[in-house]
Amino acid sequence: MSFAELLAFERLPAEAGSAVLRARVTPAHVNMHGSAHGGFLYSLADEAFAIASNSREADAVALSVHMDYFRPVFPGDLLVATASEEHLGRSVATYRVAVARHGAPAGEDAPGRRDAPRAAGDAAPHEDTAGETVALFTGTVYRRPRRSGAG
Amino acid sequence: MSFAELLAFERLPAEAGSAVLRARVTPAHVNMHGSAHGGFLYSLADEAFAIASNSREADAVALSVHMDYFRPVFPGDLLVATASEEHLGRSVATYRVAVARHGAPAGEDAPGRRDAPRAAGDAAPHEDTAGETVALFTGTVYRRPRRSGAG
Amino acid sequence: MSFAELLAFERLPAEAGSAVLRARVTPAHVNMHGSAHGGFLYSLADEAFAIASNSREADAVALSVHMDYFRPVFPGDLLVATASEEHLGRSVATYRVAVARHGAPAGEDAPGRRDAPRAAGDAAPHEDTAGETVALFTGTVYRRPRRSGAG
Amino acid sequence: MSFAELLAFERLPAEAGSAVLRARVTPAHVNMHGSAHGGFLYSLADEAFAIASNSREADAVALSVHMDYFRPVFPGDLLVATASEEHLGRSVATYRVAVARHGAPAGEDAPGRRDAPRAAGDAAPHEDTAGETVALFTGTVYRRPRRSGAG
């Protein structure tokens, strides 16, 4: 089990240089104030950053990251992190990741862990609406020639 | 279960305005490269930041954070995050958190999750040595009058 | 003379919550490598950030900023900084500022200080083309009720 | 004239990997609020960062920087920026720069531009006292083999 699996991040289709991840906040993700831990939001953004930056012909290693928190999120909230490329250089590259909150789908408005899969045919929340941006991440990677087949 | 419990962060004694946390990297914390996920290191630093900033007479909410990664860490590595106050103002405050790696104690050099408590009398690793700094975090909080007894 | 005047920043029209500034790199702005000093690019972005954040009904004071440098720029290069609002809250707000390099207009391709005003009728460079982003800035302000008429 | 000369930064002795710079805030350095422009404080920190990072056996180019502002400073204030090495790697390195305000020396307490040199024998302000930290900067450079004799 990887860290992304431990936190139940779900990867959605995206172009090379981009990434879209979805995660549900559960009671296991909260901080001392009862809202989602800053580390949980960060981890979602960081994973999207890692996928986007490693989708190019190089291994990308995070050097320096910055995150601004706009609003708290709570158990039951569905989050979508969207990573996009700001600059792709030979040795370094920079990505922006917006983390947006989407309203709970109909019939899923109670807070708490949700193990049930979404019903077939449900549109991905990030396709319905842009949601409300709750945090913004900027990260820079160091790029080196790929050593292995790892993505 | 909170996020800090999910990740098995262990809180060590510290003065007001400071915090010291310890965590062991396990296989559940790794990224696509097999080293600890940036989100795991960040979460440890962020939790130390939250404890230190909420130890003052106000509720502290993270606004803006920055993290630099120096070296990868791997399953079996023991990490200690030490938060200290850089500036304490009325409405905002800034903290620095250094994350250091400590060598595995004798007899504990195999990677993997370690549920066994440290033997009585073992010195806390961060008291033995400063370790090697593997990441550096700076975070700024917004402070507002405390609403509740939460720490 | 203010700092923005010392560095000859030129303010272009923009909506509330936004700002657009233009500046020419001169030999007085270079660093030890002969390219524009990081502080010059930063100051341009920071001034756009200040104008955008103070265009709202509050005095905005910079708390925390982050900047990534993508490419060096040189004397003669024309820079345009465009600030936009990422999040406007009651007590804090966050802005993004992209700094783009625009090719020297025809007949102005020689590096060096340019004191001559642009000819009337010249289109503003940022209207011609998006330019090439050379640096990206993110900044967060603390907002407090306006004390004076200062903009 | 370089940018550091334009802003009258004064370099004080420091060990390799470190740097200490001093500057006086003048009326030409102020922002719309009448305090020193964020870009002025940043430029001082950035120049100390550049000197420290280029004092090693490589050319260092700034990639990513972060700055937190703690307190405003005003014309007449004397600032000292002290850069120290947080991490020196082969391809990247990270520096911390603290910017401190020092009280005006006796007989120099009036705000405004000060063109007079310090009297011979005056102790450097940063040797007298640590001052009050007004801003904190963290910066990461990319290091590449030195091409020239430039420092």
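Order of writing sets the chain letters: A, B, C and D. Residues in each chain are counted from 1.
The rule is simple: a residue touches a chain if its C-beta (ideal position, glycine included) is under 8 Å from a C-beta of that chain, and two chains touch if they have at least 3 such contacts.
Because the structure is predicted, anything quoted here is derived from the model rather than measured.
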Per the touch definition, the chains contacting both subunit C and subunit D are A, B
If you take the mean of the Cα atoms for each chain, which one ends up farthest from subunit C?
-> B
Approximately how many whole Å separate the CA-defined centres of subunit A and subunit D?
-> 37
In angstrom, rounded to a whole number, how far apart do the mean CA points of subunit A and subunit B lie?
-> 22
Per the centroid of Cα atoms for each chain, what is the distance between subunit B and subunit D, given in Å?
-> 30
Out of subunit D, which residues touch more than one other chain, so two or more?
-> 63-64, 66, 68, 140
In their shared complex, at which residues does subunit A touch subunit B?
-> 1-4, 6-7, 27-33, 36-40, 42-44, 46-47, 50-51, 54, 59, 61-69, 72, 150-151
Using the touch rule from the top, collect the residues of subunit D that touch subunit B in their complex.
-> 64, 66, 68, 70-71, 86-87, 89, 94, 133, 136, 138, 140
Along subunit A, where are the residues that touch subunit D in the complex?
-> 63-64, 66, 91-92, 94, 140, 142
